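Order as written gives the chain letters A, B, C and D; numbering starts at 1 within each chain.
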Amino acid sequence: MEVAVHSPKEIIARRVALEIRPGMLVNLGIGLPSMVANHIPHDAGVFFQAENGVIGLGARPPEGMEDPNLTDAGGGFVTAVPGAASIDSAMSFGLIRGGHLDMTVLGGLQVDARGHLANWMVPGHMVPGMGGAMDLVAGAKRVIVAMVHSARGEAKIVPECTLPLTAARRVSLIVTEMAVIEPTADGLVLRERGPGVSVEEIRAATAAELIVPAEPPEMTLA
Amino acid sequence: MKKAIRPEQAAEMIPDGAVVMIGGFMGVGTPERLIDALVARGVRGLTVIANDAALPGKGIGKLVSAHAIAKAIMSHIGLNPEFQKQMIAGEVEVELVPQGTLVERIRAGGVGLGGVLTATGLGTPVAEGKRVVEVGGESYLLETPLKAEFALIRAYQADYAGNLCYSLTAHNFNPVMALAGATVIAEPEVIVPIGVIPPDSVKTPGVLVHHLLARAA
Amino acid sequence: MEVAVHSPKEIIARRVALEIRPGMLVNLGIGLPSMVANHIPHDAGVFFQAENGVIGLGARPPEGMEDPNLTDAGGGFVTAVPGAASIDSAMSFGLIRGGHLDMTVLGGLQVDARGHLANWMVPGHMVPGMGGAMDLVAGAKRVIVAMVHSARGEAKIVPECTLPLTAARRVSLIVTEMAVIEPTADGLVLRERGPGVSVEEIRAATAAELIVPAEPPEMTLA
Amino acid sequence: MKKAIRPEQAAEMIPDGAVVMIGGFMGVGTPERLIDALVARGVRGLTVIANDAALPGKGIGKLVSAHAIAKAIMSHIGLNPEFQKQMIAGEVEVELVPQGTLVERIRAGGVGLGGVLTATGLGTPVAEGKRVVEVGGESYLLETPLKAEFALIRAYQADYAGNLCYSLTAHNFNPVMALAGATVIAEPEVIVPIGVIPPDSVKTPGVLVHHLLARAA
């Protein structure tokens, strides 16, 4: 059997895609999280929400068929699938805050042992604003953090976030190219190992303490 | 009946230092011709309530480049490096508000609510200085209403009664801001005679709209 | 000159009609207040709101042209004028509470010396519910009470309401067949007399104290 | 994709004693066939959240006549003498809520707000037992969210993705209730294939709707 070699981001996107079930309403953040959509079958009945105002986000249109009034939250041109609905920001965040969004996939700067996420600012360095991130983390039914395991050799999974939090709520799952980790009331539980990654390597790259069950399996990918 | 006005006439109504809501998300659904007219007349010291600061050269980004903004209440400013610079230089004061909270604060201002309770922002810097209210054993932040002297909104279609329809992701903050401006100026892509828009297609009733911008020449 | 003789309700409706200016958004209550619409010119650019969901309420349709999905707040069939808009209850009461409604005209059971209105229940006797009345009185820019001056010989304009209030807010104007009375911070001011009615007759029919300027004029009617 | 179901199937989902929101204003915009099916299956002990009790023989009035309601949260019950009698006899418990407050409480439940502040009801019996919160020197009542196990709503047009459009004054409470029911059952006048309703015409996105009622045979 030939084994495909994926980039770290590709591994993350493919693993996150397996969390998505038919019929779900899903919001994908800008960047890495948006790559998840490439790995969902078109007939899965999954609706993607762009928080700027569409349910039923479709692929990028062919050149010359763009509509300046139809973009995703990153400002890129998109299409609308059959059955799509336009919504204003009050409805969009009503769906998010009201628990109607089945899943949000966001990037992260840090996640800590309590499962708290920091992903919207680095004081004194980068203050872009939280956009919709705080509502998404506070309101979505499941919050999945999709991020590379470490940044420039520094652990991003830490005992306690040093950056300002995005929400006080515990996220549902952390997916990196090295591991799938579930924050629980007892702490961070290692659920799966990345392709060819050992428990020791994961521990070494993780600053927070990990609860490691006997023989965590290697992750499967979409 | 609303007689359509030219962008310059609209810009003259809006004094320096005004509190202005502007629709749009990264420039999509933003009234570009109104903004161009404001920049052309050299407006200064605006307080702008909007989702974001857009990009240089686009939408609200043009007001940023023209140094027309003294204060911003927005959810995101990260894609406009000029605005970041002005903020760091202390030229502009920025209040960052989570996007869902921002739209509810504007709606509260528009529909006469004294505030709303939301869990968004609890345990984060957003909660600083805010009242926490318990309801049903859960904690919420008390978020207060936002209103503006002017709401500058972009629409897809208008009739001369001021009724407005919006298109796709160009809805965003526009319908809610139409409720919260003391004076509402709408920039539609087209204006049709009264009676052409079916009542069920109207998203902003004309009674909320004070001025319509005439089509581009 | 021939003088038209109007019923008390007709006098009230015709006098209230003069309060309505071109371009206003107006909500008329069920019953007597709804008669006001008959005295507004069609070309005045006045939009009537029915709080159940239409701005631009039109006249009753010809028989056979009714739409079961288009009724006024009393449940009667109506039409929509050109430029009408359908709205849901959140928008309808958003307009009312948010101060976008220029005027509401409601019936009254009692109004007192502070200008407080009671019009939604008689304890132990009639508890229909407040419907939209509390929002209308709390939110409209101008609140006009249109009612006959007395009920079965009992004064309805009283020193202090004995019935439960509709709002703590002072109403803008009271119009009866006998008088136009403006509640002010100082008390109830008699602004106009009804057709052929004397100040003494008004005082006798009013339980609350009235502030009476020198020679209040007789009301004009639409 | 939502496969349309028959009214009896819908009625079987709703147990005795359920908390149910029902759209409509004096019976206009009320899901009549759902109500007929509930009456036919002999439902008992419902808590009904709705604008009003309609008239005998119409909409919610049919549930009243069938003695199916144990508790009502409504703004108006005055046009249904049977309901008045049941209330006076202590057979039904009634919480009267101002109409604008009722719709905001339902919306708050639907969009995840912990409550809203309104001046409506201040100084009246509605204020009894409620918290008063000051904002900007003004007093407001704190009104808490309402949710339901089921929302039974009437629509004009649906597609098989569950997207809904409404007609004229048959909108009323339906779009807001579609946000606040754990299970949302919609009774549209017609159902069209997916892709037929333009995205800008959708007022309730299909993701909120769990079941569609099949057209009348």
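Here is the rule we use: a residue touches a chain if its C-beta (ideal position, glycine included) is under 8 Å from a C-beta of that chain, and two chains touch if they have at least 3 such contacts.
These are the chains along with the protein names UniProt gives them: A, C = 3-oxoacid CoA-transferase subunit B; B, D = 3-oxoacid CoA-transferase subunit A.
Given the structure is predicted, the values throughout are model-derived calculations rather than measurements.
Undergrad: In terms of touching chains, how many steps apart are chain B and chain C, taking the shortest path?
TA: Each step joins two touching chains, and the minimum needed here is 1.
Undergrad: Which number of steps is the smallest that gets you from chain A over to chain C via touching chains?
TA: Steps on the shortest route: 2.
Undergrad: Name the chain pair with more contacting C-beta pairs, choosing from A-D and A-B.
TA: Ranking A-D and A-B by C-beta contacts puts A-B first.
Undergrad: Farthest from chain C by Cα centre, which chain is it? Let me know.
TA: Between chain C and the rest, the longest centre separation is with A.
Undergrad: What is the distance, in whole Å, between the centres of chain B and chain D, each centre taken as the mean of its C-alpha atoms?
TA: Result: the chain centres lie 32 Å from each other.
Undergrad: Based only on mean CA positions, could you tell me how far chain A sits from chain D in angstrom?
TA: Once rounded, the distance between the two centres reads 35 Å.
Undergrad: Which whole number of Å gives the spacing of the CA centres of chain C and chain D?
TA: 29
Undergrad: Would you give the residues of chain A that are in contact with at least 2 other chains, written as numbers and ranges?
TA: 54, 80, 86-87, 90, 93, 96-97, 139
Undergrad: In chain B, what residues contact two or more other chains?
TA: 104, 107, 111-113, 118-119, 156, 166-168, 199-200
Undergrad: Please list each pair of chains that are touching.
TA: The list of touching pairs comes to A-B, A-D, B-C, B-D, C-D.
Undergrad: Please name which positions on chain D make contact with chain A in the complex.
TA: Its residues touching chain A are 1, 107, 109-113, 159-161, 163, 179, 194-195, 199-200, 202, 205-208.
Undergrad: Can you list the residues on chain D that touch chain C in the complex?
TA: 25-29, 51-52, 55, 74-79, 84, 87, 96, 98-101, 103-104, 107, 118-126, 156, 166-176, 203
Undergrad: Would you tell me which residues of chain A are touching chain D in their complex?
TA: Per the touch definition, chain A meets chain D at residues 25, 45, 47, 54-56, 80, 82-87, 90-91, 93-100, 139.
Undergrad: Quick check: in the complex, which residue numbers of chain B touch chain D?
TA: Residues 104, 108, 111-119, 133, 135-136, 138, 140, 142, 144-145, 156, 165-168, 199-201.
Undergrad: Across the complex, what residues on chain A touch chain B?
TA: Those in contact with chain B are residues 50-54, 67-75, 80, 86-90, 93, 96-97, 116, 126-135, 138-139, 164-168.
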